[in-house]
Amino acid sequence: MNTKKKIVRGGTLVSATGITAGDLLIVGEKIAAQAAPGILDAAAVDEVIDAQGMLVLPGLIDPHVHFNSPFMGTVTVHDYENGTQAAAFGGVTTIIDFSTQPKGGSLLANLEQKEEEARGRTYIDWSMHGILLDAGTQTLAEIPELIQEGVPTYKCFTTYKHAQRMVQDDDIVALLEVTARHGGMLMVHCENDSIIEYSIRQALAAGNYAPIYHARTRPPEAENIAIQRVVDLMRQVTAPVYIVHTSTAQSVEIIAKARMDGLPLHSETCTHYLALTEEYLLGPKGNFYICSPPLRKQADVDALWQAARAGFLEVVSTDDAGVPPEDNLRLSQGRFDKTPNGIASIETRLDILHSEGVCKGKITWPQLVALTSTNPARLFGLYPQKGHLAPGADADLVLYNPNSKWIMGAEVLHMNTSFCPFEGWEISGQVDSVLVRGQDVIRNRKLVGQPGFGRRVFRRLEA
Amino acid sequence: MNTKKKIVRGGTLVSATGITAGDLLIVGEKIAAQAAPGILDAAAVDEVIDAQGMLVLPGLIDPHVHFNSPFMGTVTVHDYENGTQAAAFGGVTTIIDFSTQPKGGSLLANLEQKEEEARGRTYIDWSMHGILLDAGTQTLAEIPELIQEGVPTYKCFTTYKHAQRMVQDDDIVALLEVTARHGGMLMVHCENDSIIEYSIRQALAAGNYAPIYHARTRPPEAENIAIQRVVDLMRQVTAPVYIVHTSTAQSVEIIAKARMDGLPLHSETCTHYLALTEEYLLGPKGNFYICSPPLRKQADVDALWQAARAGFLEVVSTDDAGVPPEDNLRLSQGRFDKTPNGIASIETRLDILHSEGVCKGKITWPQLVALTSTNPARLFGLYPQKGHLAPGADADLVLYNPNSKWIMGAEVLHMNTSFCPFEGWEISGQVDSVLVRGQDVIRNRKLVGQPGFGRRVFRRLEA
Amino acid sequence: MNTKKKIVRGGTLVSATGITAGDLLIVGEKIAAQAAPGILDAAAVDEVIDAQGMLVLPGLIDPHVHFNSPFMGTVTVHDYENGTQAAAFGGVTTIIDFSTQPKGGSLLANLEQKEEEARGRTYIDWSMHGILLDAGTQTLAEIPELIQEGVPTYKCFTTYKHAQRMVQDDDIVALLEVTARHGGMLMVHCENDSIIEYSIRQALAAGNYAPIYHARTRPPEAENIAIQRVVDLMRQVTAPVYIVHTSTAQSVEIIAKARMDGLPLHSETCTHYLALTEEYLLGPKGNFYICSPPLRKQADVDALWQAARAGFLEVVSTDDAGVPPEDNLRLSQGRFDKTPNGIASIETRLDILHSEGVCKGKITWPQLVALTSTNPARLFGLYPQKGHLAPGADADLVLYNPNSKWIMGAEVLHMNTSFCPFEGWEISGQVDSVLVRGQDVIRNRKLVGQPGFGRRVFRRLEA
Amino acid sequence: MNTKKKIVRGGTLVSATGITAGDLLIVGEKIAAQAAPGILDAAAVDEVIDAQGMLVLPGLIDPHVHFNSPFMGTVTVHDYENGTQAAAFGGVTTIIDFSTQPKGGSLLANLEQKEEEARGRTYIDWSMHGILLDAGTQTLAEIPELIQEGVPTYKCFTTYKHAQRMVQDDDIVALLEVTARHGGMLMVHCENDSIIEYSIRQALAAGNYAPIYHARTRPPEAENIAIQRVVDLMRQVTAPVYIVHTSTAQSVEIIAKARMDGLPLHSETCTHYLALTEEYLLGPKGNFYICSPPLRKQADVDALWQAARAGFLEVVSTDDAGVPPEDNLRLSQGRFDKTPNGIASIETRLDILHSEGVCKGKITWPQLVALTSTNPARLFGLYPQKGHLAPGADADLVLYNPNSKWIMGAEVLHMNTSFCPFEGWEISGQVDSVLVRGQDVIRNRKLVGQPGFGRRVFRRLEA
């Protein structure tokens, strides 16, 4: 058993509720103490990590990534090795990926295969959600079983009818029932399919093929309406729900209203919805900015920041789903509707939230920690093991240098793609070191961890 | 200088974000470390306080009390000595009282007098808000000066026109401007005077004098409308505002909506609005339950709990303003409109919130701590000195025994009144010990502190 | 050509905008003049109808009836002869019935057959709407053709999935597109199927079979949500829509909001939703009060009256769909979910609206005329031929005696059923005489018309 | 007694519910019959007025004019002779002006004087509203008396505090009570004074004096909030209210919501809010476009049209209050806050509503008639004497030529001012002839009436 003792000394500890100067004592895989400066005895430990000038954060959690994932004729750019390596460089110490039920088939079987892909390959800890395409007898029977095995969260889609992924109201009702009864939570990708299909028909009929039409044919209303529908069903069938990648100003209002009424509704947005607008779809690399929901307008961006600050929007994830740039070009052939959707972003979340959020006064550091670590830990059943710096928790730590200045770009990042949506942006702040369960993974901006060190985490939702 | 070292050992630490087993190290007046069990060396300290079986909370803050306060022909039951003693028994380590501007006179002069009353008499730390009756030249000049002296928060009334306390829109606009510009915050007692006066005229004309008519002539709409008006003005003059004693379901909606829109609007409710309904006004002791706003209906109570759980409503205070029971009877003469308003409650908040809230699943322990300690500390400029258990903060602690069972009543409480609104209620949980800045004030349910130990706290609001 | 001249003398003329004493001149099938008393020359005409003491109304239009209609194992009680005879006794001079597309088949074919049923049998004028079960290629092709033939209005269902009648979002989008493009209007029966099916499963599982569970398993939300969805789609695909049988307080709010936003949304309620509550489902004849949507609560009834008065809700129809009482009993076997839905009401609308509405101050006479004649005429393409008393319009008239007092019951009514939902009610006001295109159908409360006199009316919607 | 008979032949009759070809018979001062073409016998009458090609409308009513009215150092441009002459050229057959209570004095006395000014001078019929500056004992006593004398409507202001015209909540409550009890109606000018004064202080401090700052310092919120407040009070004290000159998109929403909830709330907008935007304040003649509320943005204009079409906004008046252009320049001295407010518009309403509304598809002809004649007649107690074309009503008629094309400008209009806000606009449609109580006032675009023909109209509100 690992009983090595370390002190992280001289840093500024950031939790979801505040900032304080202090030192951390690590014993083995766990945090053992948090102390005012000068209290911990350096002589009594195996190692002292100098955190002078650094912010010390609980390791980030990314509850929305797509590794090794086939979609629209290609496969996402990250696998479990290169993806978790890039994640670590971005301060992430735990990811949650998805296993997708084959149409009409068994989620259980797919999950075993997907976990096999991850096992022994990751630098950091990991878990899986399920994706459900139906609410048939087998599906409803497998869910309670999987919840027992530490997989309590399931996603479904209100769109992608053409890809046979869409569920209808009665499926959602059935999934709400079963997840709620067995201690699970339903995640929903909310976009109204009929509005999108109607809009695409109209755009194509008018000869509008450019990337911007991806945004124009997936209007905010398509998302808002779909969220409202889930809320409406939740009022009948009380069950926890997590809306993935909310992107519009009004969606936030709908969610806030529902929460105010006591519904157990949660939501995330993603890095790109907080930092980019649909203007990028008009640029020369517009086709690489195609993702779903699409990038929105500045008023939406502003509303999302506001919601994050106000605490209505609880999580910022990445929805990392990079499309190989050559596949983007090959498959799209200049048509927005044929372009594979998705942006690689597993590494950039912390820096963008710091540069664009904290440095510009939109959120505070404690809020950043809540959005990326404490809240996802609580919502997805990782807390109190992960998501905070309290004694007893896993020693998943990020030492962050808030004063570093650098230019972001695909060359300096570690993601497996030549496209970076923030190419050339001036960034303030950088990950210096990362520990997972007390073990160095990144030290002074160098990779020192090992693939396979990461463990599957058993998740159980809070009551 | 006090450098005495103490360990609080074996307790369960409760913060606004979570619960964890752990020990605390106190050095002098401050918390020096928080550690996992078994890490801190008991041999190296002056005292070990056994917290086995106890919850260890940051000391409670009560930002809304009225000590030594004249109103409607009587004076509130608590002075700074007996009031802070009762407060300590209720787990409170800091109070904020009010100094009232004389009509047309100087707040500054009154504040000096009021602080003189408190100085040297309290068992716990204390501060003052100002109450403003006008927005005249002198008032507007004094505010920046007082903010510099650590008094950044000011209350005004939208009612009590007959008592010459009501301010109008243009006063509120001026007060918003000046407090915002100088780093202060306006607190507003929101009830629409014209609706109340109209309703009272109608009730008296119909011969309706009973206590229940206090509630019926101060309808929820009177409060809701007044809050909406403040919100409307805030949309023009951006300035932080804190709504005192919200009591209705719709007020919470108005506040949540405003917050969702990014307005810096905060609010509290009080113990009695969470635990009592207007039914009590119909009982034999109805006249003792008269307070303003009045007790409401069960649906309002439910909405307030829901808002507290959802984080929209940020503080639970007491509005401690007990009327001597004999004065209540002498002055009211059977008429609701002549009955002095107010309930003594400085001691009961923690137990009621635990028994009625935590034990009944309405809020969690971390939420209770946020509502009564962390949030008021942050909102009223006491943080990071007070309001949490992190190293560096004042060692204001409560050891709370969650398993104690007892019957609440005026006899067993320590408040200076023979009336207890919760007489005979079965309570779960009890304060065992209280430390203020590392010093024992209550130890094992016995008073061990000294009047005069409490200090005036300089307050400065977060940017 | 009929050029017979008649004067309706001494009555009080009621239009949608006001009431005035006056005489009418009829020449042939048309109204030729409206005059102040004493102006028209009685000597110059063939007949003078004495309307002293009578209100003279434009003939009522009933745009929602189900004659000869199979449903849930039975057939509705009225055919075109007995149904239009009862209609005439209720002051109705035009009905619009429905032709239902066979699943997967041709609406056109069914319409021809249905029109054949009506032709030569009715006492009053008539037309048909189409009911659509899909939005397939054939359906979309037939609609423009039928609009050209005077059938511009089509109904679809958001429920009855088990009966294969439910359409989904993409069907609705397609139907909105095609009707709007060709000058038609979509009517929608709005109830969310998944909520109802979920609720029924729960009720049956709990052994709840009584009639009241019909109402409890079709909660107001099922209707409200379904209406909101149609509104949401209308915001994408601008097209006129008519919501049939709205029954809830909130549905009216949704509709009013949409109209305020400029959407071409219209709605009706039915006699029973204005006069009855779900309490009737608890009575000994509860099973005969089962209809869909179900009877609601008093607050809903009040809101519907209020909406009618305010002009947001534009039409009161009957949804006449009486179930033979013996079939009700035979098929239901004591289970609400097996009971055929529907109430016979073709004759009672005017008297109930007068007794319960006008006499109780809920609506005015001009509003009653608007709701039952002028508005349906305008909305369904019958205006200016029908729906008002202006010169040039069809001489469809009702002479109504507002002072008659009588007891309603199945015995004194003329509908083909032994069940009357208003059995024993005291009624104020009664139809005295009815003219269709200048011809007597009812004279002094006696039937004088002939089956087959009624004509198919070609309908074309206003631009 | 006048028993002269006239026929208005060959015109198209426009009522609030529809359009029909027809002739009118006039006997003396009243309409005696409305007939289909060819029915009335021309030989039997004294005169046949040829209305071929003309629309025949009920005479317009203008319930909001300011004649002979002192304000901000000047007097409005119209007196009772030249004002009613211009009105007649605009198709107006009845005006309602205002008598203002002197501060602290008697409305009754002022009304007598004001009526004396009007008597014997007008070309058309007239009446007066009262304006109240307080709710004192005398005021409350005079109101019932004046209602008995045919003056049932009273206006108050929520702004103009500096001019001592503002009333507070408790005044409004008292005025609601007394008007409702005695069959009157309160009209309210809604703008929040504190927001405006705050905004003006800020603008002047920043050196912003230009006309556009009139709009920027009276933001839409100032109006919206003030309307919301009146609505809030109405929910406590049920009483009919009429909001004058609503100008914002949100005000319409507030009003619609209140009406939907059953409150007896009515509202008007004015010609200029439907046809002009604040852009005009930026032009070279910007100072002449200063009125209160100010001109708004295009989105507001669109919302007002929409509300008019939907029937939520019931009246379009003129708020005719022209400032002599030379006084505008002399008094303003280049400062928006010193510029007298008001626009002369008594003559232009019908043409602008036709050209900008009917011709552009925003409203229909029946809606135009409802907004300018039928609705004001009903709301202000002139119906059924005025406001429609039914037999029995006053023969107040406008023959309108919808095909006339002309250029509007001060030169061709008949108002007493050299400034026309629509100078140079191309207009479709023109008043050809006007009858008041059967008597020609304008015939073929020539003035043929006499000053002094107009009568005071006794008004009594509908129950």
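Letters A, B, C and D name the chains as they come in the text, with residue numbers starting at 1 for each one.
Here is the rule we use: a residue touches a chain if its C-beta (ideal position, glycine included) is under 8 Å from a C-beta of that chain, and two chains touch if they have at least 3 such contacts.
Being a predicted model, the structure only gives us computed values, none of them experimental.
Visitor: Averaging each chain's C-alpha atoms to get its centre, pick out the one most distant from chain D.
Guide: A
Visitor: When the C-alpha atoms of chain A and chain B are each averaged to a single point, how far apart are the two points in Å?
Guide: Chain A and chain B have C-alpha centres separated by 39 Å.
Visitor: How many angstrom lie between the CA centroids of chain A and chain D, rounded to a whole number?
Guide: Taking the average C-alpha coordinate of chain A and of chain D, the gap between them is 59 Å.
Visitor: Report the inter-chain centroid distance for chain B and chain D in whole angstrom, where each centroid is the mean of the CA atoms.
Guide: Distance between chain centres, rounded to whole Å: 53 Å.
Visitor: Where does chain D touch two or more other chains at once, residue-wise?
Guide: none
Visitor: Please list, in label order, each pair of chains that touches.
Guide: All touching pairs, sorted by chain label, are A-B, A-C, B-D, C-D.
Visitor: Okay, in this complex, where on chain A does chain C touch?
Guide: 161, 168-170, 172-173, 177, 192-195, 197-199, 219, 221, 225, 228-229, 232-233, 235-237
Visitor: Could you please specify the touching residues of chain D with respect to chain C in the complex?
Guide: Chain D reaches chain C through residues 13, 15-22, 25, 27, 30-36, 39-40, 252-253, 256, 259-262, 306-307, 309-312, 374, 383-384, 388, 390-393.
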